[in-house]
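These are the structures in question, set out in turn.
Each of the next two complexes has subunit A plus one more chain, namely subunit B in the first and subunit C in the second.
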Partner chain A sequence: MKIGDCVVAWSKDEELRKMGASGGLVTSLLVGALETELVDEVIALRKISEFEGVPIRTSDTDEAIRSAGSLHAAPINLTKFAVRFFEEHPDGAIALPVKPCDCRGIIEQAKRRKIDMDRIYLIGLNCGGTMDPITTMEMLEKMYEMDPKKIVEEEILKGKLIFKTEEEEKAISIDEVEEAGYGRRESCRYCGINIPMMADLACGNWGAGEDETFVEILTEKGLRLMKSAVDHGLIETAPAPEKGIKIREKTNSVMENVAKTWYEKVFVPIEDRSERMKYYMDAMEDCIDCEACKYVCPVCSCDESKCIGFYDPMDSHKISIYHLIRLLHLADSCIGCGQCTDVCPAEIPLTILHKRVADRIQAKYDYIPGIDMKTPPFFEVE
Partner chain B sequence: MKKIVCYGCNLGCGLYFGDVPYFRKNSPVNSGKICRFGMKIHRYEKVLPKVDGKNVELDDAIAAAAKKLADVKEMAFVSFGDVTCEEQLAFNKLAEAFESDVHTCIPRFIGANIEKIRQSKEIITFIDPYTSYPLILRHMLHAKKNGAKITSYYWKKLRIADESVILNPAEIDKIKSINFGDSLVITDLNPLNLDFSNEIIKSCNAENIVCLKPFLNSTGASLISDGEKSIYQIFEEIKEKKIKGLYLLESDLGIVPDDTLMAALDELEVLIVQQSMRNALSDRADIVLCGDRKFEGKGTVLNFEGRVLENEGGTEGIKILTDILKSVGEEINYDKMHAEVLSKLGINEIDEYIVPKYDIKYKQREAEIKNYEGDAHLVYAYNPFMWNNVIDRDFVEISPSLVESLNLHKDELLKMTSSKGSVAVKYKINNAMPDNIVLSPMKLPISTDIVTPVNFKEP
Partner chain C sequence: MEEEWIPKITLFCCNWCSYAGSDDAGVGRKQQPPTTRTIRVMCSGRTDPAFVLAALLEGSDAVLFTGCHIGDCHYISGNYKAKKKFEMLKEVVDELGLEDERLQLQWISASEGSEFAAYINKVTEEIEAIGPSPLRQEWMK
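Let's look at the complex of A and B:
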């Protein structure tokens, strides 16, 4: 194995192989990283139900094993959990599974010295999107006529969203459920990065056979993770078949096109400047100042937040200074992860508002946040 | 991280708590979203056990409480419902052991649920969802997006309303003439406005009323406990010496706008408080018993819809009650309480995704809604911080023309005088405010009621 290789791999533990989303490779890597003391802790999502995953940080391998499997209806970004690890253990090391948006958040935090890239192992997961759990349960009742409590498995196959209970299996095309307002979160529909090429490994089921994971080895750290798991007898690997490589490439490009179409649909330009201003003022006026959008934002990193510090609730402006500062701060770093929209109690479409500003700025500076360690343009303002 | 329910109001917002709050996105009421209060639930100073002003071990405070309960007759027991059903039930047992009831100060009522708001075509609201019960806002916005017409009756214009009718304190009884038709009505039941909500509940079909409440488990507590005294009746009876001792479970009587009422507590032979937060009440109590923080009690919670929710946590509060009950020879424990709660609710297990059916008769109040005298009024804008005695916003809201007519300059304070005296406070100008109202998110020393007649002359 070497950097740049594509392999298929799976857990040697039969039970874990079945428990995992596609072969239990990622969980085996987490276990291997703990057992070989590459890391002090790992982060994963503990499954409570098909619609609930609780982020955990642990050094216990059993606990890591219990969190095998993919949760598509647990739209949680793990960046801030990694930040907290480094706050508590500045010299520690950690490994975690990362969707592209987790990985991008982590890289942006590393640029802001909140995360040490040499001590974090990023096991990338390909990502076709996550769903809001409550809306998904509603969709199951209304469109699938299935009881959400009975769901035992869920998967995406050939453009269809499939749910299974012990007794039955139903599939509806993703286009159809999304037209009806269900399916993936809005930000996932237009998210253009499906394979986390900025992580240490890119793992996924695209191009892999039954109960195996397709892995692209991307960095020295990624290679270390794979090798130590092999040496430790935890995983088995084989070269990825040509056919698998092609399927993965093709599926990725189909998904990229779907994302582009959604992007154009959502981000219809508002050409008129005063209309644009009106649109922002109107959208933000429902804000109830909870600050959740800042708290959850994976790229936001001030110790003493300017957005909160400068904001005076006695101000009567329609857009508060809080939002103006955030729009400015995030212009070069927003990764469009959707977390802010998800947590907003006033249902303000914050991700769209931020991306409308950020995309222009990022294009102007030819800068894409979270894909490499390039300095953010605003850091270079003199 | 534990799965908990926010105690800021009775909406039942679910979240996780490790050492800070985190979003529990599959929570049915709030999809994990929480308001400014929810984001700060953990920021409070814990109280320490105390007897007669001195810090003691908890066991000694428990022993002192048991002794006082045995000595002082005419004890009253109050729990607004900032505890789980299990703890409320344990408190009932304690009250029963001393031949008394537990008063929640909020009558029993369960009306319409969230789904009904979302499906509504016409909504009449008496609350400000941006301030009072913030996580209800998103459901109202959903209805509005689907074409619902929203009319508000409130102290200021509300942005969400298509039509805002400004309430005038001098003519509050005009709400009697509102034609509710089939509209969905959103109001609240809280210890300070019982006559107001009574008027609304009387005039509508119960199935059309969404009735919000201010404390973690107001609904559960009101189903479990039978006491019917209002907060004002309790003060009255203390003054009349009908109540000689008071045991308050996570219930701060200091929420009453008129803080001179609190002086009545000095008449008591004993004031026992069992709570977790240090505040003015714990400072003045004879015996302080400290339980789990409000969001840390293990057990069952009912939100305003009657939805049954689970709170993960400890049983410190129940343990205190268990220890006191031991002194009168009664044996209880968490498991017994939990089984009894489920059986009272008529369920076998907790399922947060369904709203059980209840058959509850609301008991109408005798009192009539009253108008307030005067031309200008100070009004409370209820919010979760207020119920928890935390000053989160230290200014009032007034209209631009009031600012102009008083010739106030930017950094000047607004001076107000009521029958109780004068204050000077910071103000924010808000176009949505009428000229005769000062809206305050915090308690001011000059207030006499939720609406206080004031004038702006120098005293």
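Let's look at the complex of A and C:
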């Protein structure tokens, strides 16, 4: 094994191999990292139900094993949990599974000195998108005519979204559910980064066989993780078949094109100035100042936030300065992860507002946040 | 009686150049309209974008970043930082729908009193032509 290799791999523990999303490899790597003391803690998502997962930070391998499997309807971002770890253990090391948006958040935080890239192992997961739990439950009742409480398994296969109960199994195409307003979160539909090439490893089921995980080894750290799990007898690997590599590439490019089409559909430019102003004013009018959107944002990194410091609810400005400061501060770093829209109790489409501003600035400075260690334009002074 | 609207322009001046330039305009008795509200900062680099946004929301019809010419900043790189802040803000403010004239950047040296007065006259005319800012509240005078 070396950097740049594509392999298929799986857990040697038969039970874990079955429990895992596609071979239990990711969980085995977390366990291996703890057992070989490469890291002090790991982060994983503890499953509560198909629609709820709680991020945990643990050094207990059993706890890590219990978190195996993919939760598609738990649209969480793990960045801030990694930030907390480094606040508490500045010299510690940690490993965690990361979707592309988790990974991008972590890289942007690293640029702001909140995360030490040498001490964080990023086990990348390919990602085709996550779903909002509440709308997914509604979809199950309306479109699938299934009781969400009875769901035991959920799966995405060949463009179809499949749900299983103990008794039955139903599949509907993703296009059809998304046409009806369900399916993946809006931000995931237009997210064009599906394979986390900026992580240490890129793991997924694209191109892998039954109960196998496809892994691309991307960095020295990634290689270290794989090797220590092999040496520790936790995983088995084989070279990725040529056909698998092709399938993965092809599926990825199909997904990229779907994302582009969605992007054009969602981000229709508003040419007229006064209409633009009205659009932003109307959109933010219902804000109740809960600050949740700032709290969840994976790329916000202030200890004492300026957006809050400058804001006073008594101001009665036409647009709140809290939002204007945030629009500016996130202009170079917003990764369009959708967390802000997800948490907003006033249902303000914040991600779209942020991205409308951010995409202009990111295009102007030719900067894509979270994909490499390039200095953000704000800090790049001639 | 309805009070007549005249532009309110918030002007950020750096202590060493543009503030001295405005002083030079005064000492030289150059004619200027009473449209500016000057805020002196030690260096243009101290012009926090949050100040600019606050000025716009509090009823300014325009905000001007001013400072020493590039290369003349008394803290070496402050005006480069000001320029970056200005450029980023400009995109945001433009996306929000504010007209181009409402946010400007001008370098003015301590001896450029006439240029300073001419600039204020020019900006005032531009703002008079486009009217009050859509961000100011109707009750703001």
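Miscellaneous remarks
Simple rule for what comes next: the second predicted complex is superposed on the first by the 380 of 382 C-alpha atoms of A that agree within 3 Å, B and C clash if a C-alpha of one lies under 4 Å from a C-alpha of the other, contacts with A are read in each partner's own complex, and residues count from 1 in each chain.
As a convention for this text, a contact is a pair of C-beta atoms (placed from the backbone, for glycine too) under 8 Å apart; a residue touches a chain by one contact, two chains touch by 3 or more.
Note that the structure is a prediction, hence the values are computed from the model and not measured.
Legend: residue contacts after superposition of the two complexes on their common chain; A:280 is shown touching subunit C, with no touch to subunit B. In the superposition on chain A, A:18 contacts neither subunit B nor subunit C. In the superposed model, A:374 makes contact with neither subunit B nor subunit C. When the two complexes are overlaid on their common chain A, residue A:265 makes contact with neither subunit B nor subunit C. Once the two complexes are overlaid on the shared chain, A:325 sits against subunit C while remaining clear of subunit B. Of the two partner chains placed by superposition, subunit B and subunit C are both touched by A:316.
Contacts of A:134 after superposition: subunit B is touched, whereas subunit C is not reached. Across the two superposed structures, the residue set of subunit A contacted by subunit B and also by subunit C is 315-316. Here subunit C touches subunit A in the complex through residues 49-50, 53-54, 57-58, 77, 80-81, 83-84, 88-89, 91-92, 95-99, 134-137, going by the rule given at the top. Residues of subunit B that touch subunit A in their complex: 1, 16, 22-28, 30-36, 38-39, 130-131, 134-135, 137-138, 141-142, 159-160, 353, 393, 395, 426, 428-431. Residues 273-280, 306, 310, 315-319, 321, 324-325, 327-328, 331-332, 356-357, 360-361, 364, 377-378, 380-382 of subunit A are the ones that touch subunit C when the two sit in their complex. Every residue of subunit A that touches subunit B in the complex is listed here, in rising order: 49, 51-52, 54-56, 73-76, 132-134, 137, 148-149, 285-286, 288-292, 295-296, 313-316, 342-347.
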